[in-house]
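Two complexes come next, and they have one chain in common, chain A, joined by chain B in the first and chain C in the second.
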Partner chain A sequence: MLIETINIVLLGMLALTALAAVRLHDLFAVTIMFGMYSLLAAVVFVVLDAVDVAFTEAAVGVGISTVLMLATIGLVGRHEQRPAHRPLLPLLVVAVTGAALVYGTLDMPFFADPAAPVHQHVVPYYLGKSPEQTGIPNVVTSILASYRGYDTLGELAVIFTAGVGVLALLGLRRRKRPSKEHPTP
Partner chain B sequence: MNVAGLYNYWIVILLMMTGFYVVISSGNLVKKIIGLNLFQASVFILYISMGKVMNGAVPILREGVTTYSNPLPHVLILTAIVVGVATTALGLALVVRIREAYGSVEEDDIHRQDESL
Partner chain C sequence: MRDNPVLRIVAKIIIPVILLFALYVQFHGDFGPGGGFQAGVIFAAGFILYGLVFGTEALRNAIPPGLLRFVIALGLVLYAGVGATTMLLGSDYLAYGALAHDLIGGQHLGIFLVELGVGITVSAVIVTIFLAFAGRNDP
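Entry: the complex of A and B
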């Protein structure tokens, strides 16, 4: 019961942080709100037994993403112009989509239900066979590196492509650019 | 209707729609990418919520524990987090490049300049 209460409070805090991020127009503040949001999400993951995910989110989501966003804001400026048009159409689209998704959840198995279909298919096999087949007590690691190793290989391909893309966009141009827009002091 | 059983999903939907709203209503490209990240993190919470088992333990096998939470969503989300930061980096690099080419990261300014070409 304690776990459920902590879960409910943390999710409420997440919702407040997200709404604050929408209302702010200073991009620095929005970025810090995003960092808080990721950190709260990492705490939710600890509560929901996903410790591996929690420390990845704390390192990558809170650390690297926030630093990347701050670096970008340093280059492009931190103030957002207020949108000229009224937000009615986006609000309508969001409300309709949200209502459709809520309708979709009505058929879902309840939170933490042990009989949910997601727990029945391959997971009992992984939990039962992992120690003898891989020798790793952490089942998350054994699935990531062994049973689903090809997924991880695909992930590496994506990261490599993104890295090449970033270098192509920024890395090679830096040297030959004279500082035309930003005159040196 | 079991509200407590669906509470996680509904909060996740609220968070998703918040991120979606930022993406479609904000004119600033950096804020759009932050909205995309909010959306993405809420999807992570949806998956991890589905993996929780009542009275389950962290899926690290040890003596004396019989009920574990589902490790499969954890693996999928580990992959998704890392892929997410890679795509965020690519998006932000594009924003910096757009700033160099147009001198602005506001969608309206960029459209105006494109039309005047």
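Entry: the complex of A and C
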């Protein structure tokens, strides 16, 4: 009962934060709302016993992405511009997509159902064999780094590519302002 | 923010703690929550705090961009190099058992090196992205 109450309060606050982020027009406040949303999501992960995911969400979602969005707001200004067109068609597309996704969840196994396919496939093998095969107490680490080592190598390559892409597009050298070097008459 | 003494002093006190905590998360990931990715992000957060309080120019002086570019590749090369080493030792790619005499020891060493590679590349990429974004705000 206690867990249900905590979940309802957390998910309700998540929904309220999302609504506030949609309603606000000050982009600085919206960024802070996104940070709060990530923090609440991290707490939800803790309640679900997914502490590794919660750790990542708290560090990336609350910390890094908020700082990056604030840096971007510093470049583009903090006030949202009025949309030039009526957003009815995008609203329709979003509503239809959301309804399709909700319809898709009806076929999914119930939350924490032990008979769900995801709990029947390789997970029993990993949970049973990990202590004797790797000797590492944290099964998340042994799955990520050993059993799923190829996947993690691929993920690291994705992060590497993201860094190279940012370097190629933006670069790290500070751009000299052309107006100061070559004053236009 | 550079003229605010409270921010400067608090940042100077807290940055070493953040970096130490990142190292703890990195090397304690086998036993508790955490691992290379989380540790890399926290390590980068320490540098980002430095950049926010003292300015991106000071951060760029602390970590030269050339070094950063080298470190981005270093982590991925370390990860892929562990796989190449196990192949050279006559086993499958990323089969850590070949790294030591017994399976458990090989797994420990392999996972340690692989997580270290993840942490190195993640922290360098995030500092790079921060510098690329926030460096544009400089006058």
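In this text, the second predicted complex is superposed on the first by the 172 of 185 C-alpha atoms of A that agree within 3 Å, B and C clash if a C-alpha of one lies under 4 Å from a C-alpha of the other, contacts with A are read in each partner's own complex, and residues count from 1 in each chain.
Assume contacts are C-beta pairs under 8 Å (C-beta built on N, C-alpha and C of every residue); 3 or more make two chains touch, one makes a residue touch a chain.
In this text, all values refer to a predicted model and were calculated from it rather than measured experimentally.
S.K.: Which partner does A:150 reach: the first (chain B), the second (chain C), both, or neither?
M.R.: second
S.K.: Under the stated touch criterion, name the partner, chain B or chain C, that contacts more residues in chain A.
M.R.: On the superposition, B touches more of the residues of chain A.
S.K.: Just checking: does A:94 make contact with chain B only, chain C only, both, or neither of them? Give me first, second, both or neither.
M.R.: A:94 contacts chain B only, not chain C.
S.K.: Between chain B and chain C, whom does A:135 touch in the aligned arrangement: first, second, both, or neither?
M.R.: Second partner only.
S.K.: Figure out whether A:166 sits in contact with chain B (first) or chain C (second), or with both, or with neither.
M.R.: In the superposed model, A:166 contacts both chain B and chain C.
S.K.: Under the stated touch criterion, which partner chain does A:67 make contact with: chain B (first), chain C (second), both, or neither?
M.R.: Only chain C is touched by A:67; chain B is not.
S.K.: After the superposition on A, what does A:18 contact: first (chain B), second (chain C), both or neither?
M.R.: Only chain B is touched by A:18; chain C is not.
S.K.: By the touch definition above, which chain A residues appear in both interfaces, chain B in one complex and chain C in the other?
M.R.: Common to the two interfaces on chain A: residues 51-52, 56, 60, 64, 68, 71-72, 75, 137-138, 140, 144, 152, 159, 162-163, 166, 170.
S.K.: Applying the document's contact rule, which stretches of chain A touch chain B when the two form their complex?
M.R.: Going by the criterion above, the answer is residues 4, 7-8, 11-12, 14-15, 18-19, 21-22, 27, 30-31, 34, 37-38, 41, 44-45, 48-53, 56-57, 60-61, 64-65, 68-69, 71-73, 75-77, 80-81, 83-84, 87, 90-91, 93-95, 97-98, 101-102, 105-106, 108, 110-114, 116, 118-119, 122-123, 126-127, 130-131, 137-140, 143-144, 148, 151-152, 155, 158-159, 162-163, 165-166, 169-170, 181.
S.K.: Any idea which chain B residues touch chain A in the complex?
M.R.: Contacts found on chain B: 1-2, 4-11, 13-22, 24-28, 30-31, 33-34, 37-38, 41-42, 44-45, 48-54, 56-62, 67-79, 81-90, 92-97, 99-100, 103, 105-106, 108.
S.K.: Could you please specify the touching residues of chain C with respect to chain A in the complex?
M.R.: 25, 29-38, 41-42, 44-45, 48, 52, 60, 65, 68-69, 72-73, 75-76, 79-80, 83, 93-94, 96, 103-104, 107-108, 110-111, 114-115, 117-118, 121-122, 124-126, 128-138
S.K.: Quick one: in the complex, what on chain A touches chain C?
M.R.: Going by the criterion above, the answer is residues 51-52, 54-56, 59-60, 63-64, 67-68, 71-72, 74-75, 133-138, 140-142, 144-146, 149-150, 152-153, 156-157, 159-160, 162-164, 166-167, 170-175.
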